[in-house]
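Attaching a single structure in structure tokens format; questions to follow.
Labels for the chains are A, B, C, D, E and F, by order of writing; each one numbers its residues from 1.
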Amino acid sequence: MLATLIELQRLKRLERTGWTLRGLPNGTESVASHSFGVCVTAMMLADEVKARGLEVNCERVLRMALLHDWAETRVGDMPKTATRYFAADARKSAEASAFADIVDGVGSAKSEYRELYKDYEERPSLEARLVKAADVIDLLVQAYALERSGARGLDEFWQVAQQPDFKLPQLADQVVNEVLQSLLRARSEIE
Amino acid sequence: MLATLIELQRLKRLERTGWTLRGLPNGTESVASHSFGVCVTAMMLADEVKARGLEVNCERVLRMALLHDWAETRVGDMPKTATRYFAADARKSAEASAFADIVDGVGSAKSEYRELYKDYEERPSLEARLVKAADVIDLLVQAYALERSGARGLDEFWQVAQQPDFKLPQLADQVVNEVLQSLLRARSEIE
Amino acid sequence: MLATLIELQRLKRLERTGWTLRGLPNGTESVASHSFGVCVTAMMLADEVKARGLEVNCERVLRMALLHDWAETRVGDMPKTATRYFAADARKSAEASAFADIVDGVGSAKSEYRELYKDYEERPSLEARLVKAADVIDLLVQAYALERSGARGLDEFWQVAQQPDFKLPQLADQVVNEVLQSLLRARSEIE
Amino acid sequence: MLATLIELQRLKRLERTGWTLRGLPNGTESVASHSFGVCVTAMMLADEVKARGLEVNCERVLRMALLHDWAETRVGDMPKTATRYFAADARKSAEASAFADIVDGVGSAKSEYRELYKDYEERPSLEARLVKAADVIDLLVQAYALERSGARGLDEFWQVAQQPDFKLPQLADQVVNEVLQSLLRARSEIE
Amino acid sequence: MLATLIELQRLKRLERTGWTLRGLPNGTESVASHSFGVCVTAMMLADEVKARGLEVNCERVLRMALLHDWAETRVGDMPKTATRYFAADARKSAEASAFADIVDGVGSAKSEYRELYKDYEERPSLEARLVKAADVIDLLVQAYALERSGARGLDEFWQVAQQPDFKLPQLADQVVNEVLQSLLRARSEIE
Amino acid sequence: MLATLIELQRLKRLERTGWTLRGLPNGTESVASHSFGVCVTAMMLADEVKARGLEVNCERVLRMALLHDWAETRVGDMPKTATRYFAADARKSAEASAFADIVDGVGSAKSEYRELYKDYEERPSLEARLVKAADVIDLLVQAYALERSGARGLDEFWQVAQQPDFKLPQLADQVVNEVLQSLLRARSEIE
């Protein structure tokens, strides 16, 4: 278990390249910090969806949010433009192999972690889709916080908020849209 | 919900003062990065403890690990020396009030979050104690990673590893001690 | 004396949390850098006040400005929101005790330092009030410099400049207001 | 031409992940800084090789050194471990396509740049091999400089210096080996 | 040669003071990163000028761009205001002596490097003038990239773009002006 | 007065090049932070010297310590090696002119500030010599703090501590030497 814990420390320092490549200073956001944000967002989304009557396995949501970026300790945080140059599957299968290796020393839980990772990557379940929505929302909340402090040039990140398509059941879709709408409203009030 | 998500973004930048005050460069570890590390460690500890036959509510473990440092957005990351100058209760009750305010806009889940926070602070449950152990282990894994890269002057952090007392049932205590022992071994092999 | 000098080195790295929590990058301003700014401002204010005919003990002004933030090596730079959660006196008395301990090894001057610290905290004297004005002016000059470089979202810092109340005698009040007015003018000319 | 110049600015901020993943602080070395170091080293190696009587096209050496990492603006600085998870060709062909796109707006010189990039990647020429040697030497000089300042845990980088195999003609090989030997000597004298 | 390579590593960390003094965060641009940008720009300018029919020694251009800032390892990156306080020649001759010392151990190429440095400083040749134009263009492309990300207060840098006078032959002047004009256009479209 | 305060903000960000050029990360120490350290050290030295019976004008000591590095906003923090390449007087007179310009808008106190600056630069007085000793001691305390955290390669800074010659009267010399001796002792106990 220790080897995995030591390796995952690296995510605390690894910068999210999306910000760096847009000219924001190093120290803006580490992969570990982003994962924390995704966990928080996913937990709140799941709790709200559940409160409105839809069945959600919150434990799965939390676990998936927590581990969805671990492969980056070995593969790095590839910028979005990279996907244009790798075959669609090349990146996914590279990350899946990296993930499998990272958790290899974890003990009996490792097959569960691999199964969760696969669920997140393929997203058949409500839980995986909620985590994906949380991934996007945390990105946008960070973009909003940066813009409020004076950052500019982040428009392209916001396109995803115009027509989100997370393939969620109606009730869950509504919760996600409420958050996105209030975020867009908050953004329009900057300055 | 959005106001809380925006506020918690702050933890992504807030430096852990323990490193700064010992001369390590800014960017060493944010509070959000540390929280991520505690979540990872807590999940693995809980899964291992469960695999050995003890009943653990892993969902509670994950939730508690995720939210245990949220109060720092309002109270800051007080250095350890600060506790010497505030009455023992002053800090705890300040953080509890701050936490209660932070989650005020969260909706129906807010009372659950407050209850989890209280459980963590008072630590009557196995789950809270496991999260505390994870909090210490993530600190030490970070210290180890820094020392391996050349950092010095961190001895005082390691004292806690000599005689850990997390008040855990034997089975769980054993898991925690195995991790601590292999960590001490890894440390002794540096250089 | 050396132990105190070593401990105060920590202020050179300790970030002012006010900027960090508003999304500005680490490295914006250390507590030591701010103390330097307060000393400079306090000296210039005191010299100008004196030139206009009011008696001021400039040496006391300089000493007080220099030592007013030393307690932060042990208590940290608590964010403004923290005061909402600690009893008004709790923070003051914690910082006073921390200060007393920090200068404990200084030799014969330590009682003078403690007396100066007390004067600053309680602010009965003209000198202490001038240092408080300098503390606020340096904050605003820093905010202005950041805004001129593109930072946004700092409006709340400027509220204090609208109706400053440093309880200064008329002549000193005038000097402070002239600086604040020209600062507000400079700010309105950004962009 | 301008679009390419703007895009290449990104390399000034992009951290070399090799250092980050080993716990060194952000700001250690940008990709652009490293490219500068490779250019300097390649020029000196080529000039020395030429002075000893071997024919070298120094202009080609300089051009190749300058552009060998441009693809990273789109693909990122993938950590070494990443190569384990992508098919050997996948990364090379992704980087080649990214490079081709980056220089697309450059005008008449773009086909020359693409040809130089291909030469570097396939390394049939003396010039390409010298640049590869310069790439490794700059990495090691940086590692040496970091170790001299206190960094530890960089041993694995030095393995390549034990048995370098750049497939250089004897005269060039000798120049490269002299530099590597004096570097190893300098390293052994640290502390 | 190694001593020179080690010394030039310093340029990878040395901040360009122009940005720091205008309130931009450390990490914005190192001297080495800027040198990389000047090399890239100079190569593209020279290639374009050559493609339009003017004879240019591209190898000289590349070498000069690469070494034009080496003296800063010993003299530092003096801010523009410094020139006001040193006699015009004092700085030039200090940098020339520093450069001469830096390359002292380089071997047979050192006299060529010194001659190139002299050419750049006195700028009699087309090549030196192109490198100077590249130096200014890289500065402005960096300024543009910063402004696009939200930086403000950089107007004074742009004055040089209004009436550039690099004393270039008409064909080369045209190439430089096309780049500057499209840069000014891009700037006017920010926000 | 405001223009001067705004200009001096720059010292909060300006890195001390001595550390940068030795491979320590940016953020290690700003010029303003160092000035703070010199003020603190100078005050404590002066108070101790006075307590032992020597007459010292502590106000002058504080003022001189505070303003001794202001010229760096315009001339930069020139590395030690730079002095080798500028005529001894060139740097001093450049800094003196820069200082005179910086305080030009300060009002009636400006001639006093210029006189203090001259005293510090020429060092005829006990006060100026104490500030110089404080300048060196703060440098060494910072070096000690860095070494305790793992930094290496700083030996050359310590040479000055072997045979300090501040031309102080015996009583003051003794105080300074006691601090230096205990600092050397503390250093020898690292690790």
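A few notes on this one:
As a working rule, a residue touches a chain if its C-beta (ideal position, glycine included) is under 8 Å from a C-beta of that chain, and two chains touch if they have at least 3 such contacts.
These numbers were taken from a predicted model, which means no experiment stands behind them.
The chains that touch both chain B and chain C are A, F.
Interface comparison, C-F versus B-D: the higher number of contacting C-beta pairs is recorded for C-F.
Under half of the residue numbers at the interface between copies chain D and chain F are found on both sides, making the touching surfaces mostly different.
Taking the mean Cα position of each chain as its centre, F sits at the greatest distance from chain A.
If you average the Cα atoms of chain C and of chain E, the two centres end up 41 Å apart.
Separating the centre of chain A from that of chain D, both taken as means of CA atoms, is a distance of 33 Å. Taking the mean of the C-alpha atoms as each chain's centre, chain D and chain E sit 22 Å apart.
Residue positions 9, 13, 23, 25-27, 145, 150 of chain A are each in touch with at least two other chains. Chains touching one another form the pairs A-B, A-C, A-D, A-E, B-C, B-D, B-F, C-E, C-F, D-E, D-F, E-F.
Chain B contributes residues 9-10, 13-15, 17, 20-21, 23, 25-27, 73-79, 81-82, 84-87, 90, 93-95, 97-98 to its touches with chain C in the complex. Of all the residues in chain D, the ones that touch chain B in their complex are 22-27, 150-153. Residue ranges on chain D touching chain F, taken from their complex, read 25, 27-28, 145-146, 148-150, 190-191. Against chain E, in their complex, chain D makes its touches with residues 1-2, 4-6, 8-9, 11-13, 26-27, 29-30, 32-37, 39-41, 43-44, 47-48, 51, 58-59, 62-63, 66-67, 106-109, 112, 137-138, 141-142, 144-145, 179, 182-183, 186.
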